[in-house]
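The following blocks contain the structures, represented as C-alpha coordinates.
Each of the next two complexes has chain A plus one more chain, namely chain B in the first and chain C in the second.
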Partner chain A sequence: MSAWRQAGLNYINYSNIAAKMLRRALKPELRADALKRDESHVRITPWLNGRPAHLKAAGAK
Partner chain B sequence: MAFRGVLRNVARRLQVRSYASDVAKGDDMALTFAAGNKVFYDKVVVKQVDVPSLSGAFGILPKHVPTLAVLRPGVVTVIENDGKTSKIFVSSGTVTVNDDSSVQVLAEEAHPLENLDRGAAQESLSKAQSEFNSAANEKAKAEAAIAVEVAEEILKAASG
Partner chain C sequence: MLGRAAPGVCQVVAVANQQQNRNMATLKAISIRLKSVKNIQKITQSMKMVSAAKYTRAERDLKAARPYGEGAVQFYERAEVAAPEDDPKQLYIAMTSDRGLCGAVHTGVSKVIRTRLQEPGAENIKVICVGDKSRGILQRLYGKHIISVCNEIGRLPPTFNDACKIAGAILTSDYEFGSGKIVYNKFRSVVSYQQSDLPLFSQKAVENAPKLATYDSLDADVIQSYMEFSLASMLFYALKEGACSEQSSRMTAMDNASKNAGEMIDKLTLTFNRTRQAVITRELIEIISGAAALD
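What follows is the complex of A and B.
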(Lines of atoms letter the chains of each structure in order from A and count residues from 1; the text may use other names and numbers.)
(Lines give C-alpha, C1' and ligand atoms only; values in the text may rest on other atoms or scores of the structure.)
Protein backbone atom coordinates (compact mmCIF):
# COMPACT_ATOMS: atom_id res chain seq x y z
CA MET A 1 0.00 0.00 0.00
CA SER A 2 1.32 3.43 -0.88
CA ALA A 3 2.44 5.73 1.92
CA TRP A 4 -0.25 8.34 1.24
CA ARG A 5 -3.02 5.77 1.49
CA GLN A 6 -1.56 4.60 4.78
CA ALA A 7 -1.68 8.20 6.01
CA GLY A 8 -5.42 8.35 5.30
CA LEU A 9 -5.31 10.15 1.95
CA ASN A 10 -7.28 8.97 -1.06
CA TYR A 11 -6.75 9.25 -4.80
CA ILE A 12 -8.79 12.47 -4.97
CA ASN A 13 -6.33 14.08 -2.54
CA TYR A 14 -3.44 12.65 -4.56
CA SER A 15 -4.93 13.97 -7.79
CA ASN A 16 -5.50 17.46 -6.34
CA ILE A 17 -1.90 17.73 -5.19
CA ALA A 18 -0.58 16.43 -8.51
CA ALA A 19 -2.70 18.91 -10.49
CA LYS A 20 -1.61 21.76 -8.24
CA MET A 21 2.06 20.89 -8.72
CA LEU A 22 1.65 20.69 -12.49
CA ARG A 23 0.01 24.14 -12.59
CA ARG A 24 2.98 25.55 -10.67
CA ALA A 25 5.44 24.17 -13.20
CA LEU A 26 3.92 25.83 -16.25
CA LYS A 27 5.53 28.60 -18.28
CA PRO A 28 4.82 31.97 -16.61
CA GLU A 29 2.47 33.20 -19.34
CA LEU A 30 0.25 30.14 -18.87
CA ARG A 31 0.59 29.87 -15.11
CA ALA A 32 -1.58 32.83 -14.07
CA ASP A 33 -4.61 31.47 -15.86
CA ALA A 34 -3.97 27.91 -14.64
CA LEU A 35 -3.67 28.91 -10.98
CA LYS A 36 -7.27 30.11 -11.08
CA ARG A 37 -8.26 26.44 -11.21
CA ASP A 38 -6.58 25.80 -7.83
CA GLU A 39 -9.57 26.95 -5.85
CA SER A 40 -13.11 25.85 -6.34
CA HIS A 41 -16.03 27.48 -4.64
CA VAL A 42 -19.22 25.77 -3.63
CA ARG A 43 -22.20 27.58 -2.24
CA ILE A 44 -24.47 25.46 -0.08
CA THR A 45 -28.02 26.57 0.59
CA PRO A 46 -29.99 24.53 3.10
CA TRP A 47 -33.73 24.69 2.50
CA LEU A 48 -36.29 24.73 5.30
CA ASN A 49 -40.05 24.62 4.79
CA GLY A 50 -39.78 25.36 1.10
CA ARG A 51 -37.49 28.38 1.33
CA PRO A 52 -33.76 28.88 1.65
CA ALA A 53 -32.94 28.98 5.37
CA HIS A 54 -29.74 30.94 5.09
CA LEU A 55 -26.91 31.48 2.66
CA LYS A 56 -23.33 30.77 3.38
CA ALA A 57 -20.27 29.78 1.44
CA ALA A 58 -18.93 26.29 1.94
CA GLY A 59 -16.12 26.21 4.44
CA ALA A 60 -17.54 29.09 6.51
CA LYS A 61 -18.15 28.08 10.08
CA MET B 1 9.19 -30.91 -41.93
CA ALA B 2 8.23 -28.21 -44.39
CA PHE B 3 5.00 -30.10 -44.98
CA ARG B 4 4.20 -29.97 -41.28
CA GLY B 5 4.82 -26.23 -41.32
CA VAL B 6 2.34 -25.83 -44.17
CA LEU B 7 -0.21 -27.93 -42.27
CA ARG B 8 0.16 -25.78 -39.20
CA ASN B 9 -0.24 -22.67 -41.31
CA VAL B 10 -3.46 -23.99 -42.86
CA ALA B 11 -4.76 -25.00 -39.44
CA ARG B 12 -4.12 -21.54 -38.15
CA ARG B 13 -5.96 -19.96 -41.05
CA LEU B 14 -8.96 -22.24 -40.64
CA GLN B 15 -9.05 -21.85 -36.88
CA VAL B 16 -12.54 -21.49 -35.54
CA ARG B 17 -12.82 -18.66 -33.12
CA SER B 18 -15.35 -18.28 -30.38
CA TYR B 19 -16.15 -16.35 -27.24
CA ALA B 20 -14.54 -12.92 -26.97
CA SER B 21 -13.25 -12.85 -30.52
CA ASP B 22 -16.80 -13.42 -31.82
CA VAL B 23 -17.70 -9.91 -30.78
CA ALA B 24 -17.39 -7.68 -33.79
CA LYS B 25 -14.63 -5.20 -33.17
CA GLY B 26 -13.40 -2.47 -35.39
CA ASP B 27 -9.70 -2.06 -36.05
CA ASP B 28 -9.92 1.62 -35.18
CA MET B 29 -9.05 3.01 -31.80
CA ALA B 30 -10.95 6.21 -31.10
CA LEU B 31 -9.19 8.30 -28.47
CA THR B 32 -10.86 10.84 -26.25
CA PHE B 33 -8.30 12.72 -24.19
CA ALA B 34 -9.50 15.56 -22.02
CA ALA B 35 -8.43 17.42 -18.91
CA GLY B 36 -9.90 20.12 -16.72
CA ASN B 37 -8.07 22.69 -18.78
CA LYS B 38 -8.38 21.40 -22.33
CA VAL B 39 -9.78 18.78 -24.69
CA PHE B 40 -6.87 17.31 -26.63
CA TYR B 41 -8.60 14.61 -28.67
CA ASP B 42 -12.29 14.06 -29.19
CA LYS B 43 -12.92 10.58 -30.64
CA VAL B 44 -9.90 10.83 -32.90
CA VAL B 45 -8.68 7.56 -34.40
CA VAL B 46 -5.05 7.04 -33.39
CA LYS B 47 -2.43 4.29 -33.70
CA GLN B 48 -1.20 3.95 -30.14
CA VAL B 49 -1.44 5.54 -26.70
CA ASP B 50 1.11 5.05 -23.92
CA VAL B 51 -0.08 5.92 -20.41
CA PRO B 52 1.56 5.97 -16.97
CA SER B 53 -0.69 4.31 -14.39
CA LEU B 54 -0.38 3.57 -10.68
CA SER B 55 0.02 -0.09 -11.56
CA GLY B 56 2.72 0.64 -14.14
CA ALA B 57 3.01 2.27 -17.54
CA PHE B 58 1.39 0.52 -20.48
CA GLY B 59 0.77 0.98 -24.18
CA ILE B 60 -2.64 0.68 -25.80
CA LEU B 61 -3.11 -0.57 -29.34
CA PRO B 62 -6.41 -1.32 -31.09
CA LYS B 63 -8.18 -4.40 -29.64
CA HIS B 64 -6.51 -3.98 -26.27
CA VAL B 65 -8.27 -5.91 -23.54
CA PRO B 66 -10.87 -3.69 -21.78
CA THR B 67 -9.11 -1.96 -18.89
CA LEU B 68 -9.61 0.60 -16.16
CA ALA B 69 -6.66 2.28 -14.48
CA VAL B 70 -5.83 5.40 -12.51
CA LEU B 71 -3.10 7.63 -13.87
CA ARG B 72 0.06 8.63 -12.13
CA PRO B 73 1.82 11.88 -13.00
CA GLY B 74 3.79 11.38 -16.20
CA VAL B 75 3.87 11.67 -19.94
CA VAL B 76 1.06 10.31 -22.10
CA THR B 77 2.35 9.60 -25.61
CA VAL B 78 -0.14 9.59 -28.44
CA ILE B 79 0.93 8.22 -31.82
CA GLU B 80 -1.50 9.57 -34.36
CA ASN B 81 -2.52 7.79 -37.54
CA ASP B 82 -0.16 9.87 -39.68
CA GLY B 83 2.73 8.85 -37.42
CA LYS B 84 2.90 12.19 -35.62
CA THR B 85 3.71 11.78 -31.92
CA SER B 86 2.45 14.11 -29.24
CA LYS B 87 3.60 14.04 -25.63
CA ILE B 88 1.33 15.45 -22.97
CA PHE B 89 2.05 15.58 -19.25
CA VAL B 90 -0.88 14.48 -17.10
CA SER B 91 -1.16 15.14 -13.38
CA SER B 92 -3.55 12.33 -12.57
CA GLY B 93 -6.88 10.92 -13.66
CA THR B 94 -8.27 7.79 -15.25
CA VAL B 95 -7.82 5.74 -18.40
CA THR B 96 -10.57 3.53 -19.78
CA VAL B 97 -10.18 1.03 -22.60
CA ASN B 98 -13.53 -0.25 -23.86
CA ASP B 99 -14.56 -3.39 -25.68
CA ASP B 100 -15.07 -1.43 -28.92
CA SER B 101 -11.40 -0.29 -28.71
CA SER B 102 -12.34 3.26 -27.79
CA VAL B 103 -10.07 4.84 -25.21
CA GLN B 104 -10.80 7.64 -22.77
CA VAL B 105 -8.01 9.41 -20.96
CA LEU B 106 -9.42 11.87 -18.45
CA ALA B 107 -6.94 13.95 -16.51
CA GLU B 108 -7.34 16.57 -13.81
CA GLU B 109 -4.69 18.74 -15.46
CA ALA B 110 -2.75 18.09 -18.66
CA HIS B 111 -0.29 20.13 -20.69
CA PRO B 112 1.94 19.48 -23.70
CA LEU B 113 5.59 19.10 -22.69
CA GLU B 114 6.52 22.39 -24.37
CA ASN B 115 4.30 24.24 -21.87
CA LEU B 116 6.40 23.06 -18.92
CA ASP B 117 8.94 25.42 -17.40
CA ARG B 118 12.07 23.72 -16.16
CA GLY B 119 12.98 26.53 -13.75
CA ALA B 120 9.53 26.63 -12.22
CA ALA B 121 9.54 22.84 -11.87
CA GLN B 122 12.90 22.94 -10.09
CA GLU B 123 11.63 25.67 -7.78
CA SER B 124 8.46 23.81 -6.85
CA LEU B 125 10.48 20.64 -6.27
CA SER B 126 12.73 22.45 -3.78
CA LYS B 127 9.67 23.89 -2.05
CA ALA B 128 8.04 20.47 -1.84
CA GLN B 129 11.24 18.95 -0.45
CA SER B 130 11.52 21.52 2.31
CA GLU B 131 7.83 21.03 3.11
CA PHE B 132 8.49 17.31 3.34
CA ASN B 133 11.36 17.86 5.75
CA SER B 134 9.38 20.20 7.99
CA ALA B 135 6.11 18.24 7.90
CA ALA B 136 4.62 18.10 11.39
CA ASN B 137 2.41 15.05 11.10
CA GLU B 138 1.97 11.91 9.04
CA LYS B 139 -0.69 13.44 6.79
CA ALA B 140 1.35 16.55 5.99
CA LYS B 141 4.35 14.32 5.30
CA ALA B 142 2.34 12.12 2.95
CA GLU B 143 1.01 15.18 1.11
CA ALA B 144 4.50 16.61 0.75
CA ALA B 145 5.80 13.23 -0.44
CA ILE B 146 3.20 13.24 -3.23
CA ALA B 147 4.23 16.79 -4.18
CA VAL B 148 7.89 15.74 -4.33
CA GLU B 149 7.07 12.70 -6.46
CA VAL B 150 5.03 14.82 -8.90
CA ALA B 151 7.65 17.58 -9.07
CA GLU B 152 10.41 15.06 -9.83
CA GLU B 153 8.31 13.58 -12.60
CA ILE B 154 7.60 17.03 -14.09
CA LEU B 155 11.28 17.94 -13.93
CA LYS B 156 12.22 14.67 -15.65
CA ALA B 157 9.68 15.32 -18.41
CA ALA B 158 10.69 18.96 -18.81
CA SER B 159 14.38 18.06 -19.06
CA GLY B 160 14.03 15.13 -21.44
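What follows is the complex of A and C.
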Protein backbone atom coordinates (compact mmCIF):
# COMPACT_ATOMS: atom_id res chain seq x y z
CA MET A 1 0.00 0.00 0.00
CA SER A 2 1.40 3.34 -0.99
CA ALA A 3 2.08 6.08 1.53
CA TRP A 4 -0.53 8.50 0.17
CA ARG A 5 -3.28 5.94 0.42
CA GLN A 6 -2.30 5.20 3.97
CA ALA A 7 -2.64 8.91 4.65
CA GLY A 8 -6.28 8.67 3.60
CA LEU A 9 -6.01 10.11 0.11
CA ASN A 10 -7.42 8.47 -2.97
CA TYR A 11 -5.80 8.53 -6.37
CA ILE A 12 -7.75 11.61 -7.43
CA ASN A 13 -6.51 13.68 -4.50
CA TYR A 14 -3.02 12.37 -5.00
CA SER A 15 -2.83 13.16 -8.70
CA ASN A 16 -4.47 16.54 -8.15
CA ILE A 17 -1.79 17.52 -5.66
CA ALA A 18 0.86 16.36 -8.12
CA ALA A 19 -0.80 18.38 -10.90
CA LYS A 20 -0.96 21.47 -8.70
CA MET A 21 2.75 21.19 -7.97
CA LEU A 22 3.54 20.75 -11.64
CA ARG A 23 1.47 23.82 -12.58
CA ARG A 24 3.31 25.92 -10.04
CA ALA A 25 6.63 24.76 -11.37
CA LEU A 26 5.90 25.89 -14.93
CA LYS A 27 7.61 28.82 -16.63
CA PRO A 28 5.80 32.09 -15.89
CA GLU A 29 4.42 32.55 -19.43
CA LEU A 30 2.80 29.12 -19.34
CA ARG A 31 1.84 29.21 -15.70
CA ALA A 32 -0.93 31.81 -16.01
CA ASP A 33 -2.74 29.66 -18.54
CA ALA A 34 -2.28 26.48 -16.56
CA LEU A 35 -3.55 28.05 -13.34
CA LYS A 36 -6.81 28.88 -15.10
CA ARG A 37 -7.41 25.17 -15.49
CA ASP A 38 -6.90 24.70 -11.78
CA GLU A 39 -10.26 26.19 -10.83
CA SER A 40 -13.38 24.45 -9.78
CA HIS A 41 -16.79 25.90 -9.03
CA VAL A 42 -18.98 22.90 -8.42
CA ARG A 43 -20.95 22.78 -5.20
CA ILE A 44 -22.09 19.44 -3.92
CA THR A 45 -24.96 18.89 -1.52
CA PRO A 46 -25.75 15.47 -0.14
CA TRP A 47 -29.45 14.58 -0.13
CA LEU A 48 -31.45 12.39 2.13
CA ASN A 49 -35.07 11.32 1.69
CA GLY A 50 -35.80 13.92 -0.94
CA ARG A 51 -34.35 16.83 1.05
CA PRO A 52 -30.91 18.39 1.08
CA ALA A 53 -29.01 17.17 4.14
CA HIS A 54 -27.03 20.05 5.55
CA LEU A 55 -24.86 17.99 7.83
CA LYS A 56 -21.59 18.19 5.97
CA ALA A 57 -20.55 18.98 2.42
CA ALA A 58 -19.40 15.75 0.83
CA GLY A 59 -17.23 17.62 -1.64
CA ALA A 60 -15.22 19.47 0.99
CA LYS A 61 -12.30 17.61 2.40
CA MET B 1 -93.00 47.14 -24.68
CA LEU B 2 -90.87 50.22 -24.69
CA GLY B 3 -89.64 49.38 -21.22
CA ARG B 4 -88.62 45.99 -22.41
CA ALA B 5 -86.83 47.26 -25.48
CA ALA B 6 -84.91 49.94 -23.63
CA PRO B 7 -82.30 47.73 -21.95
CA GLY B 8 -81.50 46.19 -25.32
CA VAL B 9 -80.91 49.61 -26.85
CA CYS B 10 -78.75 50.58 -23.91
CA GLN B 11 -76.72 47.44 -24.42
CA VAL B 12 -76.16 48.16 -28.10
CA VAL B 13 -74.99 51.67 -27.27
CA ALA B 14 -72.73 50.34 -24.58
CA VAL B 15 -71.25 47.73 -26.90
CA ALA B 16 -70.63 50.37 -29.56
CA ASN B 17 -68.94 52.57 -26.97
CA GLN B 18 -66.86 49.70 -25.78
CA GLN B 19 -65.93 48.82 -29.33
CA GLN B 20 -64.73 52.33 -29.91
CA ASN B 21 -62.84 52.37 -26.67
CA ARG B 22 -61.31 49.06 -27.38
CA ASN B 23 -60.25 50.12 -30.84
CA MET B 24 -58.48 53.11 -29.43
CA ALA B 25 -56.98 50.97 -26.74
CA THR B 26 -55.79 48.25 -29.08
CA LEU B 27 -53.69 50.76 -30.92
CA LYS B 28 -51.87 51.54 -27.71
CA ALA B 29 -51.85 47.90 -26.60
CA ILE B 30 -50.47 46.74 -29.92
CA SER B 31 -47.67 49.26 -29.80
CA ILE B 32 -46.75 48.16 -26.27
CA ARG B 33 -46.81 44.54 -27.32
CA LEU B 34 -44.76 45.31 -30.41
CA LYS B 35 -42.13 47.00 -28.32
CA SER B 36 -41.90 44.10 -25.89
CA VAL B 37 -41.61 41.53 -28.67
CA LYS B 38 -38.86 43.60 -30.24
CA ASN B 39 -37.01 43.64 -26.94
CA ILE B 40 -37.38 39.88 -26.59
CA GLN B 41 -36.00 39.42 -30.06
CA LYS B 42 -32.99 41.53 -29.18
CA ILE B 43 -32.39 39.41 -26.09
CA THR B 44 -32.71 36.09 -27.90
CA GLN B 45 -30.45 37.32 -30.66
CA SER B 46 -27.72 38.31 -28.27
CA MET B 47 -28.12 35.05 -26.35
CA LYS B 48 -27.62 33.24 -29.60
CA MET B 49 -24.42 35.14 -30.28
CA VAL B 50 -23.12 34.41 -26.79
CA SER B 51 -23.88 30.72 -27.00
CA ALA B 52 -22.36 30.53 -30.48
CA ALA B 53 -19.10 31.85 -29.05
CA LYS B 54 -19.32 29.48 -26.10
CA TYR B 55 -20.14 26.62 -28.41
CA THR B 56 -16.99 27.01 -30.51
CA ARG B 57 -14.94 26.90 -27.34
CA ALA B 58 -16.86 23.92 -25.97
CA GLU B 59 -16.36 21.99 -29.17
CA ARG B 60 -12.63 22.66 -29.14
CA ASP B 61 -12.47 21.52 -25.52
CA LEU B 62 -14.51 18.45 -26.28
CA LYS B 63 -12.04 17.29 -28.90
CA ALA B 64 -9.30 17.38 -26.30
CA ALA B 65 -11.44 15.64 -23.70
CA ARG B 66 -12.65 12.80 -25.89
CA PRO B 67 -9.67 10.46 -25.33
CA TYR B 68 -10.30 10.53 -21.57
CA GLY B 69 -13.74 9.03 -21.88
CA GLU B 70 -13.02 6.73 -24.78
CA GLY B 71 -9.96 5.29 -23.09
CA ALA B 72 -11.89 4.46 -19.96
CA VAL B 73 -14.73 2.82 -21.89
CA GLN B 74 -12.26 0.82 -23.98
CA PHE B 75 -10.83 -0.70 -20.82
CA TYR B 76 -14.23 -1.95 -19.70
CA GLU B 77 -14.98 -3.33 -23.14
CA ARG B 78 -11.66 -5.11 -23.61
CA ALA B 79 -11.74 -6.63 -20.14
CA GLU B 80 -15.41 -7.55 -20.68
CA VAL B 81 -16.44 -6.22 -17.32
CA ALA B 82 -20.03 -7.13 -16.51
CA ALA B 83 -22.32 -5.92 -13.79
CA PRO B 84 -22.32 -8.35 -10.85
CA GLU B 85 -25.60 -10.22 -10.64
CA ASP B 86 -25.53 -10.62 -6.88
CA ASP B 87 -25.28 -6.86 -6.33
CA PRO B 88 -28.40 -5.12 -7.60
CA LYS B 89 -27.43 -1.69 -6.29
CA GLN B 90 -27.06 0.80 -9.07
CA LEU B 91 -25.97 4.39 -9.33
CA TYR B 92 -27.23 6.73 -12.03
CA ILE B 93 -25.60 10.06 -12.66
CA ALA B 94 -27.64 12.64 -14.56
CA MET B 95 -25.37 15.05 -16.40
CA THR B 96 -27.19 18.31 -16.91
CA SER B 97 -26.49 21.90 -15.97
CA ASP B 98 -28.02 24.80 -14.08
CA ARG B 99 -29.12 26.76 -17.07
CA GLY B 100 -32.26 26.47 -19.11
CA LEU B 101 -33.42 27.91 -22.45
CA CYS B 102 -31.64 25.23 -24.41
CA GLY B 103 -34.28 22.98 -25.88
CA ALA B 104 -34.75 19.44 -24.62
CA VAL B 105 -31.19 18.83 -23.43
CA HIS B 106 -32.07 18.46 -19.76
CA THR B 107 -35.45 16.82 -20.15
CA GLY B 108 -33.90 14.19 -22.41
CA VAL B 109 -31.42 13.08 -19.77
CA SER B 110 -33.99 13.21 -17.00
CA LYS B 111 -36.44 11.20 -19.05
CA VAL B 112 -33.94 8.36 -19.46
CA ILE B 113 -33.53 8.19 -15.70
CA ARG B 114 -37.24 8.55 -15.05
CA THR B 115 -38.04 5.66 -17.36
CA ARG B 116 -35.45 3.53 -15.56
CA LEU B 117 -36.93 4.46 -12.19
CA GLN B 118 -40.36 3.34 -13.32
CA GLU B 119 -39.12 -0.15 -14.13
CA PRO B 120 -39.02 -2.92 -11.51
CA GLY B 121 -35.98 -2.94 -9.25
CA ALA B 122 -36.00 0.83 -8.93
CA GLU B 123 -35.65 0.65 -5.16
CA ASN B 124 -32.01 -0.34 -5.62
CA ILE B 125 -31.22 2.68 -7.74
CA LYS B 126 -29.77 5.88 -6.41
CA VAL B 127 -29.35 9.02 -8.47
CA ILE B 128 -26.82 11.81 -8.40
CA CYS B 129 -28.07 14.95 -10.10
CA VAL B 130 -25.34 17.04 -11.67
CA GLY B 131 -26.89 20.41 -12.41
CA ASP B 132 -30.01 22.03 -11.00
CA LYS B 133 -32.19 21.21 -13.99
CA SER B 134 -32.24 17.45 -13.53
CA ARG B 135 -32.80 17.96 -9.81
CA GLY B 136 -35.77 20.18 -10.57
CA ILE B 137 -37.32 17.55 -12.81
CA LEU B 138 -36.60 14.52 -10.63
CA GLN B 139 -36.96 15.80 -7.08
CA ARG B 140 -40.72 15.86 -6.84
CA LEU B 141 -41.47 12.29 -7.82
CA TYR B 142 -38.15 10.58 -7.24
CA GLY B 143 -36.63 12.72 -4.49
CA LYS B 144 -35.98 9.66 -2.34
CA HIS B 145 -33.59 8.28 -4.95
CA ILE B 146 -31.39 11.34 -5.02
CA ILE B 147 -28.31 11.03 -2.85
CA SER B 148 -26.38 14.05 -4.03
CA VAL B 149 -26.88 17.20 -6.05
CA CYS B 150 -24.09 19.14 -7.71
CA ASN B 151 -24.73 22.65 -8.91
CA GLU B 152 -22.93 25.72 -10.21
CA ILE B 153 -22.47 23.90 -13.49
CA GLY B 154 -22.83 25.57 -16.85
CA ARG B 155 -21.81 29.10 -15.96
CA LEU B 156 -18.21 28.39 -16.91
CA PRO B 157 -16.82 25.55 -19.00
CA PRO B 158 -16.31 22.45 -16.86
CA THR B 159 -12.78 21.73 -15.67
CA PHE B 160 -11.12 18.49 -14.66
CA ASN B 161 -11.16 19.70 -11.09
CA ASP B 162 -14.96 19.87 -11.23
CA ALA B 163 -15.03 16.26 -12.35
CA CYS B 164 -12.58 15.37 -9.57
CA LYS B 165 -14.82 16.96 -6.97
CA ILE B 166 -17.85 15.05 -8.19
CA ALA B 167 -15.86 11.81 -8.35
CA GLY B 168 -14.58 12.47 -4.85
CA ALA B 169 -18.13 12.94 -3.62
CA ILE B 170 -19.16 9.64 -5.20
CA LEU B 171 -16.21 7.79 -3.68
CA THR B 172 -16.67 9.25 -0.23
CA SER B 173 -20.43 8.79 -0.15
CA ASP B 174 -21.23 5.62 1.76
CA TYR B 175 -23.34 4.23 -1.06
CA GLU B 176 -21.68 1.13 -2.48
CA PHE B 177 -23.00 0.32 -5.92
CA GLY B 178 -22.43 -2.77 -8.00
CA SER B 179 -22.80 -1.00 -11.30
CA GLY B 180 -24.14 2.20 -12.69
CA LYS B 181 -24.43 4.61 -15.53
CA ILE B 182 -23.53 8.17 -16.35
CA VAL B 183 -26.37 9.49 -18.48
CA TYR B 184 -25.35 12.44 -20.62
CA ASN B 185 -26.00 14.09 -23.97
CA LYS B 186 -23.56 12.96 -26.58
CA PHE B 187 -22.74 15.67 -29.02
CA ARG B 188 -23.06 14.62 -32.65
CA SER B 189 -23.21 17.79 -34.70
CA VAL B 190 -24.27 21.40 -34.31
CA VAL B 191 -27.88 20.45 -34.76
CA SER B 192 -28.03 17.07 -33.07
CA TYR B 193 -27.20 15.32 -29.84
CA GLN B 194 -28.29 12.06 -28.35
CA GLN B 195 -28.79 10.71 -24.87
CA SER B 196 -26.04 8.25 -24.20
CA ASP B 197 -24.47 6.53 -21.23
CA LEU B 198 -21.10 5.50 -19.86
CA PRO B 199 -20.83 2.40 -17.68
CA LEU B 200 -19.73 2.43 -14.05
CA PHE B 201 -18.63 -0.66 -12.15
CA SER B 202 -17.56 -1.53 -8.67
CA GLN B 203 -14.03 -2.69 -8.07
CA LYS B 204 -15.25 -6.20 -7.41
CA ALA B 205 -16.89 -6.35 -10.82
CA VAL B 206 -13.62 -5.37 -12.46
CA GLU B 207 -11.62 -7.90 -10.49
CA ASN B 208 -13.99 -10.65 -11.60
CA ALA B 209 -13.91 -9.62 -15.24
CA PRO B 210 -13.24 -12.64 -17.51
CA LYS B 211 -10.64 -11.01 -19.73
CA LEU B 212 -8.79 -8.93 -17.20
CA ALA B 213 -5.69 -10.98 -18.02
CA THR B 214 -5.36 -8.96 -21.23
CA TYR B 215 -3.81 -6.32 -19.02
CA ASP B 216 -0.46 -6.92 -17.47
CA SER B 217 0.69 -6.56 -13.86
CA LEU B 218 -2.52 -5.62 -12.19
CA ASP B 219 -2.99 -5.90 -8.49
CA ALA B 220 -5.82 -4.67 -6.30
CA ASP B 221 -4.00 -1.41 -5.61
CA VAL B 222 -3.49 -0.56 -9.26
CA ILE B 223 -7.07 -1.41 -10.09
CA GLN B 224 -8.36 0.73 -7.27
CA SER B 225 -6.26 3.69 -8.37
CA TYR B 226 -7.28 3.21 -11.97
CA MET B 227 -10.97 2.93 -11.08
CA GLU B 228 -10.80 6.20 -9.19
CA PHE B 229 -9.04 7.95 -12.01
CA SER B 230 -11.29 6.51 -14.71
CA LEU B 231 -14.36 7.64 -12.77
CA ALA B 232 -13.04 11.20 -12.75
CA SER B 233 -12.08 11.12 -16.41
CA MET B 234 -15.41 9.67 -17.51
CA LEU B 235 -17.22 12.34 -15.54
CA PHE B 236 -15.01 14.96 -17.15
CA TYR B 237 -15.76 13.62 -20.60
CA ALA B 238 -19.50 13.48 -19.90
CA LEU B 239 -19.43 17.05 -18.56
CA LYS B 240 -17.70 18.26 -21.71
CA GLU B 241 -20.09 16.40 -24.01
CA GLY B 242 -23.01 17.79 -22.06
CA ALA B 243 -21.68 21.35 -22.16
CA CYS B 244 -21.10 21.15 -25.89
CA SER B 245 -24.57 19.73 -26.63
CA GLU B 246 -26.13 22.32 -24.37
CA GLN B 247 -24.49 25.25 -26.09
CA SER B 248 -25.27 23.96 -29.56
CA SER B 249 -28.84 23.28 -28.55
CA ARG B 250 -29.19 26.72 -27.00
CA MET B 251 -27.88 28.22 -30.20
CA THR B 252 -30.60 26.47 -32.22
CA ALA B 253 -33.28 27.28 -29.66
CA MET B 254 -32.39 30.97 -29.59
CA ASP B 255 -32.19 31.09 -33.36
CA ASN B 256 -35.72 29.70 -33.55
CA ALA B 257 -36.91 32.09 -30.88
CA SER B 258 -35.53 35.08 -32.80
CA LYS B 259 -37.17 33.83 -35.96
CA ASN B 260 -40.52 33.41 -34.22
CA ALA B 261 -40.22 36.85 -32.69
CA GLY B 262 -39.53 38.25 -36.16
CA GLU B 263 -42.71 36.63 -37.46
CA MET B 264 -44.67 38.05 -34.56
CA ILE B 265 -43.24 41.51 -35.18
CA ASP B 266 -44.29 41.36 -38.83
CA LYS B 267 -47.82 40.35 -37.90
CA LEU B 268 -48.13 42.93 -35.15
CA THR B 269 -46.82 45.71 -37.39
CA LEU B 270 -49.43 44.79 -39.95
CA THR B 271 -52.27 44.83 -37.42
CA PHE B 272 -50.92 48.02 -35.93
CA ASN B 273 -50.94 49.82 -39.27
CA ARG B 274 -54.35 48.48 -40.16
CA THR B 275 -55.85 49.56 -36.86
CA ARG B 276 -54.29 53.00 -37.17
CA GLN B 277 -55.69 53.35 -40.66
CA ALA B 278 -59.12 52.29 -39.44
CA VAL B 279 -59.03 54.85 -36.66
CA ILE B 280 -58.04 57.60 -39.07
CA THR B 281 -60.75 56.61 -41.53
CA ARG B 282 -63.36 56.60 -38.83
CA GLU B 283 -62.33 60.01 -37.57
CA LEU B 284 -62.52 61.40 -41.12
CA ILE B 285 -65.99 59.95 -41.55
CA GLU B 286 -67.07 61.52 -38.31
CA ILE B 287 -65.70 64.90 -39.31
CA ILE B 288 -67.21 64.79 -42.79
CA SER B 289 -70.61 63.65 -41.64
CA GLY B 290 -70.54 66.26 -38.91
CA ALA B 291 -69.77 68.95 -41.47
CA ALA B 292 -72.49 67.61 -43.77
CA ALA B 293 -75.01 67.79 -40.95
CA LEU B 294 -74.18 71.45 -40.36
CA ASP B 295 -74.89 72.43 -44.00
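The rule is simple: the second predicted complex is superposed on the first by the 42 of 61 C-alpha atoms of A that agree within 3 Å, B and C clash if a C-alpha of one lies under 4 Å from a C-alpha of the other, contacts with A are read in each partner's own complex, and residues count from 1 in each chain.
Just so it is clear, a residue touches a chain if its C-beta (ideal position, glycine included) is under 8 Å from a C-beta of that chain, and two chains touch if they have at least 3 such contacts.
As the structure is a computational prediction, the values presented were derived from the model and not from experiment.
Contacts of A:A25 after superposition on the shared chain: chain B is touched, whereas chain C is not.
Shared-chain residue A:S15: touches chain B and chain C both. Within the superposed three-chain model, A:P52 lies in touch with chain C and out of touch with chain B [touch as defined at top]. In the superposition on chain A, A:H41 makes contact with chain C only, not with chain B. Residues 2, 11, 13, 15-16, 37 of chain A lie in contact with chain B in one complex and with chain C in the other.
Within the complex formed with chain C, the residues of chain A that make contact are 1-2, 5, 10-13, 15-16, 37-52, 58-59, 61.
Chain C makes touch with chain A in their complex at residues 139, 143-144, 146-153, 155-156, 159-162, 164-169, 171-173, 221, 224-226, 228-229, 232.
By the touch criterion given at the top, residues 36-37, 54, 70, 73, 89, 91-93, 108-111, 115-117, 120-121, 124, 128, 138-139, 141-143, 145-147, 150-151, 154-155, 158 of chain B touch chain A in their complex.
Contacts from chain A toward chain B in the complex involve residues 2-4, 6-9, 11, 13-28, 30-31, 34, 37.
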